[in-house]
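Next come two complexes, and both contain chain A; in the first it sits with chain B, in the second with chain C.
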Partner chain A sequence: MLRLVCRSYRYPAAREPAVHDVAVEIRHGEIVGLTGPNEAGKSTLGLLAAGMAPAVVGGAFDGYLEVDGERMTGRPGYEVAQRVGYVFQNPATQISQVSSTVFEEVALGPMNLGLDRAEIVARVEETLGRLAIGDLALRDPRRLSGGEAQLVAIASLLAMHPAHLVLDEPTAQLDPAGTRLVGAALHALAATGTALLVIEHKLDLLDGLCERLLLMDHGTVVRDGPAETVFADRLLEALAILPPSRIRIARAARAAGVRFDEAAVVAALRPGPGGLDAEAGR
Partner chain B sequence: MSGPAPGAAAAGRERRRGRIGWLEQTLAGITASIEHAVFTEQHARERGFLQARDPRAKLAIFLALVLAASLSGSITVLAGLYLVVLAAAGASHVPYRYFVKRVWLGIPLVAGIVVIPALFLVPGPRLFDLPAGPLHVAPSLPGVVGGVIFVARVGVSVSLALLLVMTTPWADLLKSLRALHVPQVFVLILSMTYRYIFLFLHTVNGVLQARKSRVVGRTSGAEQRRWISGTMGALVNRAFKMSNDVYAAMLARGFTGELRAYSTYRMRTTDWAVLAGSLTVAAVGVLAGPFLP
Partner chain C sequence: MPPEPPAGAAEAPGSLARLRPPAATRYHACNPATKLTLSGVALVVALVVPGATGPLAALALLAGPVVWARLVRRISLLSAQVSAPLAVLAGLERFALGSRSAGVAAGSAPWNAAAVALDVLLRVAAVTAAAALFAWTTDRRAMALDLERRGVPHGLVFGVLGLLGLAPAVRDRVGQITAAQRARGLAIGRGPWGAFRARLPLVFPTLVSAINDWSEGSLAMESRASGRPGRRTLLWWPPDPPLERRFRAALLGAVLLVIAARLGGWLA
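Let's look at the complex of A and B:
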C-alpha cells in the first residue's frame, strides 16, 4: 500500500505551498484517478507520491511517504523509484537517449533491476505485445512520433512490473486506439496487484478504468470517493472539468425533456476496461 | 533630397534578410547537429570490422594508438598510423568523405592557429624571407616541420576518437569506460551530458521554430538582440527544470548510477588478436619513430 501524508509541500523559491493538507492511500491492485483544473497541484501530488519530490525536485516537504509500511521520506531517489514507478507527461524526458532500438529502450528498466537476460526478453516482448507496439521493436526510439514515443515510455515502466505506479497524463499524445490499449494494459497491471495513480484531464479515460477518483483544487484534495460519485458531482463542472461523455449525454437528454431512468442509463453506458474515448464516439 | 537608389535599397533589404538568415542558419545548424549525432549512432549499428569488436578492446586499441601518435615525432609513423585508421574505417563501412571531411575541416582552424607562432619563433634555417614593410615573413624549417608533425598528431588522434565514437554505441562506450575503471562519477557526467544535449537542442530548436512561425515581416537588429537575450534567460530556466526531469526520469527507470547496456561483452579470439596487433603497431611506431624521418 502507498500512503502519502502531505501537510505542506513548497517548490524551491516558491512562497505558497503547491500541495497542502492531503492524505492519500492507494491499496495494491487499486486504480485511483486524479483530476482537477490546471494549477490544482495534480502533477506535484504525483511527484510526491513517487518520491521524486522533494528528493529530486527539492523544496520543503512537511509530511511523509510510506510504501508497504516503510517510510520513504529521506531515502535516496533511486531507492524510492524502485518501489514506485513514474511515467512522465513528456515522453521525450522518459526516453533514455542511450538505446538504439525500442527493444533495448524498454529493456533498460528491467536491466537496471538486475534481472537475468531471459526474464528481461520475456518482459519486454510481453509489454510490447500488450501495447501493440511489437512492430516498433527495432525502430530508433529517438525517431518515433509523439504517440509512439508515449507508448514506448509507458512500456518502459510497465516492463519493470512496479508494485506502485504513478502516471502523469499517460495518454496526452495518444489516438483513441492507443488510449484504449493503455487503459487495458493498466487494468491488466492492476490485476497483478500493482497500485496505480493515474493523473488525467480526460475523464473518459478514467471512466471505466478507476474505481476511485480524487479531485484536486488549489493544492488540496476536495473530493475523494467512488468514481461514479465524483463523476456525478456538480463540482466537476464548476471547476470547468467535463464529466464523462455518458453522464453529459444523459444530462443533455434530460435537459431536452427526454424522460428515462437516468441512473440506469448512465450505469448501462459505463465502459469496460480501457475506458471510453470521447473521440471514438462509443 | 532623393531616396536611396533601388540597388542600395535592395542591398539594405539583403542585409536585413541576412540577419534573419543568420537565425535560420543557427536553427539549421542545431538541427544538423542533432541529425549528425543520430547518424553517428547508425554507423555504430552497422555490421563492420570495428563494430564487431568488443568495445573494451576498441577502447584499449584507441588509447594505445593515441599514445603512440602523441609520443611519435616522425611524420612517417604518423602517416602510417593514419593509413591504419583509414583502412579500419573502410573495413567498418564508415563513409570516407564524411569521415575525412569532419576531421580535416576543423583541425587546421584549431591546431593550425596554435602552431603559427612556432613557425616563426623556432630557431633554424629559414625556408624563405619575404619582406613585408618593416617585418620579415621568414618561417624556419624546424618550425614548419614541427608544425606539420603537431597538426598530423592532432589529425590522427581526432580521427581515432571519431572512429571509436562512430563505430561504438554510446551506452557500450560508457560501459567499457567503467570496465577500464574510469571513475563512475566521470562516466555518469558523460552519460547525463549526452542525454541532456539531445533534449536541450530539441528545446532550442522548438523555441526558434516557434519564433519563426510567429514573426511576420522583418525585425530590427535591436529587436533581434532583445529577443535573443530574452530567449537565453528563458532557456536557462527551462534547462534547469529539464535537468531535474531528466535525472528523475532516469531514477524512475531504476538508474542507480551504474550504467547497464543490453549487449553482453565477450572477448573473442579475433578481439584478442586485433588488440595484440594494434598494441604491436603502437609499440613499433614509438620505437621506430626516432630512426625514421
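Let's look at the complex of A and C:
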C-alpha cells in the first residue's frame, strides 16, 4: 500500500504551499484517478506520491510517504524509483538521449538497477509485447511520434516492475487506439497488484478505468470516493471540469424532458474494463 | 579499476546482437578508443613536429584509415575548405608584416609568406582530417558504452551524451518556434543574415524552454534510477580485439617518443 500524508509541501523559493492537508492511501491493484482544475496541485501531488518531491525536486515537505509500511521520505530518488514509478506528461522530455534504440531505452531503468542481462532482456521483451510496441524495438527513440514516445516512456517505467505507478496525463498525446492500448495495459498491470494513480483532467479517459477518484482544488483533496459518486458530483462542474460524456448526455436528455431511468442508463453506458476508450468508442 | 568484461562478451547473445549500430566499413567497426588514439596521435604529430614533416607524417598516418573508411572525398573537401582560407589569411598577414619589416630582404617576403601559408595549410588540413575521421566514423553511444565499460562513471557519460544531444534538440526547437512565428506573420528575411536577424529574438525563449526540458528530463532519468551509485549492466559494447590494443599501445609509445624528442630538442 502507498500512503502519502502531506500536511504541507512548498516548492523551492515559493511562498505558498502547492499541496496541503492531504492524506491518500492507494492499495495494491487499485486504480485511482486524480483530477482537478489547472493549478490545483495534481502534478505536485503525483510528484510527492512518487517520492520525486522533495527528494529530487527539493522544497519544504511536512509529512511522509510510506510504501508497503516502509518510510520513503528522506531516501534518495533512485531508491524510491524502484518502488514507485512516475510517467511524465511530455514524452519528448522522457527520452534519455543515451539510447540508440527503443529496446535500450526501455532497458535503461533495469540496466541502472544492475540487473542480470537475461533478466533485462526478458523484462524488456515482455513490456514491449504488453504494450504491443515490439515493432519499435530497433527504432531510434528520438524519432518517434508523440503517441509512440509516450508508450515507450510508459514501457520504460513498467520494465522496472514498480509496485506503484503514478501517471501524469499518460494519454495526452495518444490517438484513440493508443489510448485504448494504454488503458488495457493499465488494467492488466493493476491485475498483477500494481497500484496506479492516474492524473487526468479529461474524465472520459478515467471513466471505466478507475474505481476511485480524487478531486483536488487549491492544493488539497476536496473529494475522495467511488468514481461513480465523484463523477456525479456537481462540484465538478463548479470547478469547470466536464463530467464523463455519458453523465452529461443523460443530464441533457433529462433537461430536454426525456423520461427515462437516468441511473440505469448511466450505468449501462459505463465503459467496460479497458477504460480510457471514450474518445475511440463514442 | 573495474573488472574487464569476459572475453567475447561484446558478441551479445540473441536479440542483443542487433542493438549494435551497423558499421559502414571495417574501420567504422573498430573500437572507439582505437579511432580516438589514431586521430589523437595524428593531431599531436601535426602540431608538435616542426616544419612540413609533422603535418605530412600525420596525413600519411591518416591516409590509410581515410581510404579504408571510404571518406577520401568528404574529408579532402572539408580539410581544403577549412585550411585554405586560414592559409591565405596567414600568408597575407605574413606578406604585409614581412614587407614592412626592416630585417627582411625585399625579395624574400613573398617566399616567406608562401612558406607560412603552406605550413598553416598542411597543419590545419591534418588537424581537420584527424577530427573529421574520428567524428564521422564513431557512433557517440558506442563510444559512451566503451568509456563506461572502461570504468568512467555513468553519470559523467550521461552528462556528456546529454550535452551532445542538446544542440540538435535546440536546433529542432528553434525550427518549431520559427515555423510558429512564420505562421503568425513574422517576416523571415532571405539569406543567412535575414534568418539570423529573425531568430535573434528567439534565443532567450529557446534557452528557457531547453532548460525546462532538461529539468524535466533529469527528473525522468531519476525516476529510472539513473542516480543509483555503482556499475550498471551494459547490454553490449564495442569489441576490443587484442590486435587493436597492441596497435594503440604502439601508437601511444611512438607519440610519447616524439613528444620527448621535441622537448629534448632533437626535433628542432
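The working rule: the second predicted complex is superposed on the first by the 278 of 282 C-alpha atoms of A that agree within 3 Å, B and C clash if a C-alpha of one lies under 4 Å from a C-alpha of the other, contacts with A are read in each partner's own complex, and residues count from 1 in each chain.
Please note the rule applied: contacts are C-beta pairs under 8 Å (C-beta built on N, C-alpha and C of every residue); 3 or more make two chains touch, one makes a residue touch a chain.
This structure is a prediction, so every number in the text was calculated from the model and none was measured.
Participant: Look at where chain B and chain C land on chain A after superposing the complexes, then choose clash or fit.
Facilitator: clash
Participant: Regarding the shared-chain residue A:Gly257, is it in contact with chain B (first), chain C (second), both, or neither?
Facilitator: A:Gly257 sits against neither chain B nor chain C.
Participant: Which partner chains sit in contact with A:Ala107 here, chain B, chain C, both or neither? Use first/second/both/neither.
Facilitator: So A:Ala107 meets both chain B and chain C here.
Participant: Looking at the overlay, what does A:Gly69 touch: chain B (first), chain C (second), both, or neither?
Facilitator: So A:Gly69 meets neither chain B nor chain C here.
Participant: Between chain B and chain C, whom does A:Glu125 touch in the aligned arrangement: first, second, both, or neither?
Facilitator: second
Participant: Give one of first, second, both or neither to describe whether A:Val57 is in contact with chain B, with chain C, with both, or with none.
Facilitator: Both partners, chain B and chain C.
Participant: Let me test your reading of the model: by the given contact rule, A:Asp116 touches which partner, first (chain B), second (chain C), both or neither?
Facilitator: second
Participant: Per the contact definition in the header, classify A:Asp140: touching chain B only (first), chain C only (second), both, or neither.
Facilitator: In the superposed model, A:Asp140 contacts chain B only, not chain C.
Participant: Take the contacts of chain A with chain B and those with chain C, and give the residues found in both.
Facilitator: The answer is residues 50, 52, 56-57, 77-78, 81-82, 85-86, 88, 90, 92-94, 96-100, 103-104, 107-109, 111-113, 117, 120, 142, 156-157, 160 of chain A.
Participant: List the residues on chain C that touch chain A in their complex, please.
Facilitator: Listed in rising order, the residues of chain C that touch chain A are 14-16, 18-19, 21, 139, 141, 144, 154, 157-158, 161-162, 165, 169, 213, 216-228, 230-235.
Participant: How about chain B: which of its residues touch chain A in the complex?
Facilitator: Touch list, chain B to chain A: 38, 41-42, 44-45, 169-171, 174, 191, 194-195, 198-199, 202, 242, 244-257, 259-262, 264.
Participant: Across the complex, what residues on chain A touch chain C?
Facilitator: Within the complex, chain A contacts chain C at residues 50, 52, 56-57, 76-79, 81-82, 85-86, 88, 90, 92-101, 103-104, 107-117, 120-121, 125, 138, 142, 153, 156-157, 160.
Participant: Chain B touches which residues of chain A in the complex?
Facilitator: 47, 50, 52, 56-58, 77-78, 81-82, 85-88, 90, 92-94, 96-100, 103-104, 107-109, 111-113, 117, 120, 140, 142-143, 156-157, 160
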